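Below: a set of structures, written as structure tokens.
Paired with chain B in one complex and with chain C in the other, chain A is shared by the two complexes that follow.
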Partner chain A sequence: MTEPKKRRGCLGCSFPILIIILVIFLALTIVGFLSGAIGQEMLQKYGIDITFPSWMTIEKPAPHLPAPELFHVLGLPITNTMIASWITVIVLVIISVIVTRRMKIVPGRLQTLFEALLGWLFDLCKSIAGDANGRRFFPVIATIFLFVFLNAWLSLIPGFGSIETKEYALIPEDAHIETIPAEGNQPEHKVVLIDHKEYEIVDVDGKEMMEKRNELIRGANTDVNTTMALAVISFIFVAYFGFKTLGISWLRQYFNFGPFFRSLGKAFKGKLDFMGIFSGAIDIFVGFLELLGRFITIISFTFRLFGNMTAGEILLLITAFLIPYILALPFYGLELLIGAIQAFIFAGLTLVFVTMAVTPHSEESH
Partner chain B sequence: MEADAVRLLAAGLAIGLGAIGPGIGIGILGYGAMQGLARNPEARGPIQTNMMIAIALTEAIGIYALIVAIILALL
Partner chain C sequence: MDRWAAALRLTGVGFFVAACILGGVLAGLWIDNKLDTRPLFILLGLAVGLAVAFYGVYRMIQPVINNKQDKENGQ
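Here is the complex of A and B:
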């Protein structure tokens, strides 16, 4: 007797499970649409009054760029992005210890995953920088890649940016107090405007104080300081290997006085060479531009990573505000992809610059 | 016009005009990559990798414009 064939739906689940998942998704979409900003405006226009409980309403996101300092240790301010980067470092160390604790020749699954990742990075270093140089550059490049990569991916875990610390401060004397009328699902409240930022006024023990809320942890790449530190490290790395391999003549490509003075010297010996003098002068100018360009790559590294990560964070906040629960899903996928690509770009560009710094420049062969 | 109005206008202009260049640039890159892929479908891997690198570098210029817009609008 052949048993009746179970009808398979798509994605390997049977039909009942698929229908349950679709129904839950639809319910979340409708609830999200109604309780978010778009839904509330539409409901107000049509006069339907559905008030949602306070834990389902999402207030307008207020992204602020400078990372707020949470506490001080030995006089140094600790911001919430610093805590996030410590978490990244701890996660990296724990993963490394777990993977290398009992290494086998035929590796288990976790070890295979990290062998594949590090093998891919090593092949990348060797393919761009050559065999011996690739071996030398691999530690720093892999560290930069893993740090930026895990910073970007860990900042998408729920909890980063949603756990907040509250602090109450006295309202300054001449502050500008506004009363915002009730709109949508937010009741009427009073705010204080300081520096274009709104702080809510709450009653604490009968006194009105302003409430400052800061996130506890925020993605580490959204802080200009972190990305600028990485860019400066990459600059020092390139300069160090340039000096170590080529000596002082690494600076020769920047201060390119050679051809100019050689042509001038030839003029004194009787051979007047206008083209030589002219192109020598241009060479000096181009040398200075290259020197300036090297410093500008610090700025460009900083703002590329900072801009991508901050724009991604603001995008996620705003999509979570417009239609909660649903609209943010495709943007989460985009954020994962962008985090990986930006880590690859940072490490890859550093590798290209250090390879260019190490190869000796072929001398002008006029 | 008041300073606040001009500030918001400048933020809009910054990102609006600043996204033209990278948009065109990424389009040209995609065109080149498609042509290369059409001529030589076997070289898909290197073409894709190099296209990704070039696109991320071009996009960075648009991100600089976005930073200026965000700073103008929010700070």
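Here is the complex of A and C:
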């Protein structure tokens, strides 16, 4: 048998193809750098005037924190982040149908991927919560993880944040109108400022109207409502399992009036127990702190996810504006990592809290 | 204890402390604005927030500390 002839090349490509790819890569990097805000400023500084066509330059980003309402269904406002979360749900359902429809003993690629991911999560649940509890908690923990994870990763797909809807509205009479002088590719235009938001004034059938542009879909994790809903679900999940497992003694962690009133009762019978009353009062105070801590966990869950995801989105917008194309790519990689880490933290912390809730207080401290 | 569990517990601490302090101060500010008693409830809110933060952090890291002590005693 003759040995196959070894092809010369690098990274699976032949040298000519590699050189072509490198040249394209380099050209895109240079063009991207020059057409971005930093490059344009540098060119202007050195008196070089290169005007790029408008499709090559990127508009100055204007991120808005509250998700805009796109339309109403039965009086309920539908925001762009809600549409994104529905897309996530649909994608999750489709993936689960595809993966589980034809399960094989010798799995295919997709089945292996999901078996590895869910197997790892299942092992994590069992190692933190124990065998029996790990099995009980796994469905909710895995759902939270997959939802947050897919929300984060789907929002990096082109189309999220870049497809816009346009709507024309009459300019309010008391609105503040500003004229922006011509700059670069943009001619002189008028804008109206309402609630710190800029709307461009355009001519529609000879009438001046303000143009409301909204993103059609935006990453669901960048809306504080989504993250708070998830945090409340996680809170209810923890409370439900805590109460189901420990019963009344779970509530006693928060409302521990027993020792105080018992000591007080003894005092009425003539046996004054100062230490008992004092430690009873401390128990009540500690219970109060514990209860407040539970509710504050909702806030910390909400803002951890919302803050990280929103900051990531703004970071991507700004890097794409400053240095478009190739040099903005490492930040996409960073966002992939952050999305996975945040999903893991959200699901993992829920798991830790629910494990704490089903473990009796006395057992935990020993 | 599992390394992941320890790491997750410690990850939760930072935002929890921030949320406690901010939550306390903002709740105090809201009550102060309603009752016109500034800065009484802001300070009270800060104190309660700090207390919750200290207690919450203690509860969160307690198993990690216990685990370390158990290991040291075992050795």
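Here, the second predicted complex is superposed on the first by the 325 of 366 C-alpha atoms of A that agree within 3 Å, B and C clash if a C-alpha of one lies under 4 Å from a C-alpha of the other, contacts with A are read in each partner's own complex, and residues count from 1 in each chain.
Methods note: contacts are C-beta pairs under 8 Å (C-beta built on N, C-alpha and C of every residue); 3 or more make two chains touch, one makes a residue touch a chain.
Just so you know, these numbers come straight off a predicted model, no measurement behind them.
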item	value
First (chain B), second (chain C), both or neither touched by A:64	first
Which partner, chain B or chain C, touches more chain A residues	C
Which of chain B and chain C A:107 touches, first, second, both or neither	neither
Touching partner for A:311 - first (chain B), second (chain C), both, neither	first
Which superposed partner A:128 touches (first chain B, second chain C, both, neither)	second
Touching partner for A:303 - first (chain B), second (chain C), both, neither	both
Which of chain B and chain C A:258 touches, first, second, both or neither	neither
Partner chain(s) touched by A:345 [first = chain B, second = chain C, both, neither]	both
Touched partner set for A:290, first chain B, second chain C, both or neither	second
Contacts on chain A seen with chain B and repeated with chain C across the two complexes	300, 303-304, 345, 348-349
Residues of chain A touching chain C in the complex	124, 127-128, 286, 289-290, 292-293, 296-297, 299-300, 303-304, 345, 348-349, 351-352, 355-356, 364-366
Of all residues in chain C, those that touch chain A in their complex	2, 4-5, 8-9, 11-12, 15-16, 18-20, 22-23, 48, 51-52, 55-56, 59, 62-63, 66
Interface residues, chain A side, partner chain B - complex	63-65, 196, 300, 303-304, 306-308, 310-311, 314, 341-342, 344-345, 348-349
Of all residues in chain B, those that touch chain A in their complex	52-53, 56-57, 59-60, 63-64, 66-67, 70-71, 74-75
